[in-house]
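Consider the two complexes below, in which subunit A is the common component and subunit B and subunit C are the respective partners.
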Partner chain A sequence: MPKRLPVDPSVLLILAGCVIIVAVGGIFIGNFFTSAYLLQQLQIASFLGILAAGAMLVILLGHIDLSFPWTLTGSAIIVTTIGGATSSWLQDLAIPLGLAFGLLIGLINGVVVAKLRIPSMVWTLAVNSMLLGIAIYYQGEHRPQGQAPELVKTLAVGSTFGVPNAFLTWVAVSAAVLWLIRGTRFGRLLFAIGNNEKAVFLAGARPERTIILAFALAGLLAGFVGILLAGYANQAYQGMGNPYLMPTIAAVVIGGTSILGGRGNYAGTFAGALFVTLLLSALSVIQISEATRQIIFGVLILAMLILDGLRRRDA
Partner chain B sequence: MTGMDRRRRRLLLVVVALVVLFAAFILTHPRGFSVYVVTIWANQGVLLALAAIAQFFVVIVRGIDLSIGSIIALTNVAASYLVFGTPGEIAFGIVVVLALGVLCGFLNGLVVVFGRVEPIVATLATGAIYGGIALLWRPIPGGEIDDTLGDLLTYDVNGVPTSLIVLVVVLVAISIPLRRTRIGLSMLAVGSSEQSAFLTGIQVRVAKLVAYSLAGLFGALTALYIAFVTLTGDPAIGPAYTLNSIAAVVLGGVPLTGGVGAPLLAVLGALILKTISSLMFFTGIPPLAQSFFEGLVLAVAIGIGAIDALRSRSKLKVYE
Partner chain C sequence: MPVVELTAVSKAYGGVPALADVDFRFESGRIHAVLGENGAGKSTLMKLLAGVVRPTAGTMAIDGRPVSFSSPRQAKAERIVCMFQELSLVPDLTATENIVLAPSDGRFGFVRRRSRGRAAEMLARVGGERIRLDLPIRHLSLADKQLVEIAKALYCQPQLLILDEATSALTADQVERVFAVLRELRADGVGILFISHRLHEVDTIADTVSVFRNGRHVDTFPAGTRSRDEVVALMVGQRLTEFYPAREGPPPDKDAPPILAVDHLAWEPEIRDVTLSLRPGEILGVAGLDGQGQQHVLQALFGLFKGVRGSMKVDGRELPQSPHLAKRPWPGLALVPEDRKTEGLILPMSIEDNLGLAALDRQGSFLGGTSQEEARAREALNAFDLVYRSMEQPVGSLSGGNQQKVAIAKWLAIAPRVLLLMDPTRGIDVRTKAQIYRVLRRLAAGGMAIILQSTDHEEMVHLCDRVCVFYRGSVNATLEGDSLTSERLVAACLNLVEGATA
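Entry: the complex of A and B
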């Protein structure tokens, strides 16, 4: 039996990918070696990383949540609308209400998927479409008004001893998620359900509760990212979550989590979010069209997935 | 309840829903029942029906194709460069467009079968690539499509919409081979249980590759029909077709778990979906809220289909 590495090899593969991007970028494009650039990347990666953490909980179950782009936008709209209110007690409610919205959508997703056994992909697509409709109808064709509360701006844009607060937030969320996955009954059930839900039921556990909780947490984290992004841009805007859909799922899957559920590690998701952010950043620095960027992104993601698949088959 | 009964009941439910919705649509339409109204309805419905058939082939082998919209966009753009001129040029153009669709689908199949990437992520990535190529090839809508052929295929024959006739021919042409030929049955068997299919000696890889290629072919057919209706190429039509093709398949009652279902169900699902959106248009629902109602319809429709899960007497059956 080969010696077990302390870290999953696919995590090392991704980190190597990160180093290559920074090295190639630094040599051919410039500015990549500066600490300002790298810190900025950590800041941007945080939003993707927290989304990916939530998405991973659901994917471990063998489900998927495609409703987060507009859940996130909804929370952002709530926070900026209420945060821009004139009375201060209303302003204080902005963040809790934004989080509650994300949690509520997640709960609805969880209950429907767990109780009605509807395929989560179709259900969450429908929810995403409904949220989009509500947001656009409510806002008309205008940009959402208002502004983000100070606390949110500090979290999203500020930094402590030179380290972006957003990154510190991501680390804190990561610690919590890692504990949930590794250290709790909930975490063990996530993997167990992803592997064989029927067996979990026969063993006397109740898969429904775990499923509802996982979706609820994913919704909560999506709402949280919506709030952070509202602070980052000091505004909410239609479609602000759309660019995150594919990168988030890519980050989780590249990180070695099986889309069928039951297999995955959080370190991979963390590294995956870093990798995807660096890749998108490098692609946006070089002057190419959006279409070319999309093609390169697709090809590289596909290559990573095939490589990882081949490695697993050999092992 | 046996599987056969449930399937018959499902078919009945879907047909009744379509008839009721269609009647409501005709009654609310300002121009009432006329060849013109029915032809427009049929054209819109057939576009989605063809896309739903594309999605159907991948779904029965227990896959999903999130790139189908991008394949449609890419082949639609290709059509806008190729399908006009002399009859020979048009014929050549159509063949090239269909071949391009098959190639896209085949590549998806290769990634899934030999790259061992799960269909949902594989097609998400290839979809980004196909969509990107479509956008590079024709950044803004435009181009030219032979309008004689377009008229021929989108008007009516003695009061019957041509597109409906085409759809019926296509349905017959695929439904019978699916149940009667070795490759058709192989696809159903692979979707039902890949392991059992493999142990029976079925060529699992071939069946999957054929299913994905057929999805590409029908994606290209959808794109051609879109081209005949709009007479242009548009790189941005993709996302709506991806979502709606899946919705149509689910609405028709084809389970995403593969192995069962008939193309007819997917087509009926597509027609229902299109009738609902036409209905919303004429009942004066604010256009801005349209996405909400589209999502709601999808949610309610799959919710109704899932009531069985709540009623199921044996809790264990739910987890199968």
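Entry: the complex of A and C
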């Protein structure tokens, strides 16, 4: 058996795809080669990448979380509303409360899926829809008022030695997620449950705790991205999470994580987020319509699923 | 008079032979019983006839006309109808709907009024007139379900009717009623293949008896021409015994206090009333026909069931009711489940990951298992002589026997005090079996208490210190010492010996 490569070959393939987009874009469209453009892409990719990291934890289990678009919107609304408050102690609470909201939604998802055994796809879709309803009920069609705290703005739009802070944040989150997946008992259980939950239970482990923790982390990360996006735009708006739904899942499955769970590597998800971001950017530069963009993402995800199905059959 | 004839038929599942070179013939107008131990090939024979599986080799003919069924539908076209051991009723449909489900005489899926009447008629014929026709099947008792199942088979107007353990849940009266129907069918020229473990039923109703053993057709003779002892001897046969290792060290101390004590355990309907005990260093066998509750007792011990009555104690303390707590240093239980592919192992994952699975969630720590546990798992693998290329290799790429070694070794990593094994040698080659036996012997010699549930009677006779035989959810005999022989064991499984506690 050959020694394991430090990086999965499919990850190199995705990175090659990134290079091709940049090269083709640079030759035919121009300004793709500038460092300003590339750094901006890294910054934008960070939001998608952190969402994909959370989504991957859940997908590894063989579940899926479709509630993150409105979870992140909820966190963003909380953080801007409270961040724009007049009293300063309330302003200090903005970030913790925003994160707590994401964590809470994740916990609820996890408990319901693990204990009540409701299919995660249906449950999280319902939660997404309920959160949408609640937001509109309380705010009508108005744009939420307020502004993001300074710290959040620094994280989302600032840069350190020329590198966007958002990207550094993504790298930090990635390091933590990588450690969780590769270095902890939780990570090993993620893969084990995704492959065969029954065997895990019969080995005397507690799958419920792992499932709840994975959903909770996914919710927390969605809340975190909501806060960052609020800082990026210095505002929250309804539906701000919606454009992330398909790209996030696409990033995870393009990265080689099996949608049925049990197989995947984080480097792939990281590269997948970069690839999807560059593809989105290239598509918008050549002014492809939103409709075509949606079709392209649908086709991409389908193609990855078919590939995954073929790989499974070979195994 | 239609005659069904099998010539040189073999069937293997993934390389494991279930039927080997079988010549078999049965005629209409007769009741033909098929006997054999678990794994003798009876069910496979029946599945071939019913078109559920196709033979690997050999030919099948009806009245000399070769047939080849690729689906149950084609068998049904020849009016060969099966009543399976595992009930094949749809739980949420009513009795009527289940009975008329099989033949396609409805129009566009509607059940005709005439069909309803005939369904009720069939049910009444087998003594099920009190069964409510409009109630979903899942509300019925097991015996009533069995009657519905028989009525369903009759509804298809079989020319050849195959019954696999069709009467296992019925009372003596109900059996008599069903037998009367079978005799009527015989008089009408229907051929009946009757598979049963109940020798007295076979004596009552069969015209011809065939015995199968290890996938081979051993003998066929007119009913009543052999004694029960002769029949049991045919089922058991002569087997090689040298590959069973001898005990290492002295036998377990009979006066030692038990490590495990089960008292009036009940989890109805599977477990009715079970009392047994286990001493350190002892290998206790639990035997029985399929589904007599012997497997459920192991699962109950490991905390898989809720609402268990009676007591289960280790060191005099009541066992916790969850697998997570059961594997803690106290009580130190480990369960090797029945199906290694779906329950015991995670096939796509590596040998290393699978070995670590039992140790994984043992400590409160967030990180993985300790190096001590890892060392123990590797040591166990060495004891088993596991053949592997790399620890990174997926377990699914190992042979069945090697997979089972990993499934057992993962538990040895946490050094359990009581090891519960569910049919660990099923479908495993002889060489690997011998290796597993050696390891079990050595573990017992080291003081581990072992419960071995098995369908292989020979292995229990040679490996176990004592064997508890289960029948209908209770222990009906405990065999040890000189009374622990294959013949006695098979007889006890068939409940031929009353109160044979030796």
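As a working rule, the second predicted complex is superposed on the first by the 290 of 315 C-alpha atoms of A that agree within 3 Å, B and C clash if a C-alpha of one lies under 4 Å from a C-alpha of the other, contacts with A are read in each partner's own complex, and residues count from 1 in each chain.
The rule we apply is simple: a contact is a pair of C-beta atoms (placed from the backbone, for glycine too) under 8 Å apart; a residue touches a chain by one contact, two chains touch by 3 or more.
Computed from a prediction, not measured in an experiment: that's the story for all the values here.
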| item | value |
| --- | --- |
| Subunit B or subunit C, by number of subunit A residues touched | B |
| Touching partner for A:Q294 - first (subunit B), second (subunit C), both, neither | first |
| Which superposed partner A:V111 touches (first subunit B, second subunit C, both, neither) | neither |
| Which superposed partner A:A203 touches (first subunit B, second subunit C, both, neither) | second |
| Subunit B versus subunit C as contact partner of A:T184, first or second or both or neither | second |
| Subunit B versus subunit C as contact partner of A:R263, first or second or both or neither | second |
| Partner chain(s) touched by A:I134 [first = subunit B, second = subunit C, both, neither] | first |
| First (subunit B), second (subunit C), both or neither touched by A:A126 | first |
| First (subunit B), second (subunit C), both or neither touched by A:L168 | neither |
| Overlapping contact positions on subunit A, where the subunit C interface meets the subunit B interface | 198, 201-202 |
| Touching residues (chain side subunit C, partner subunit A) in the complex | 304, 323-324, 326-327, 335, 337, 342-349, 353, 356-358, 360-362, 365-369, 389-390, 392-394, 396, 410 |
| In the complex with subunit C, residue positions of subunit A that touch it | 1, 4, 183-186, 188-189, 191-192, 195-196, 198-206, 262-263, 315 |
| Subunit B-touching residues of subunit A, taken from the complex the two chains share | 64, 112, 115-119, 121-123, 125-134, 136-137, 140-141, 197-198, 201-202, 207, 246, 249-250, 253, 258-260, 289-295, 297-299, 301-302, 305-306, 309-310, 313 |
| Footprint of subunit A on subunit B - complex, ascending | 64, 111, 115-118, 120-122, 124-129, 131-133, 135-136, 139, 243, 246-247, 250, 256, 286, 288-296, 298-299, 302-303, 305-307, 309-310, 315-316, 318-320 |
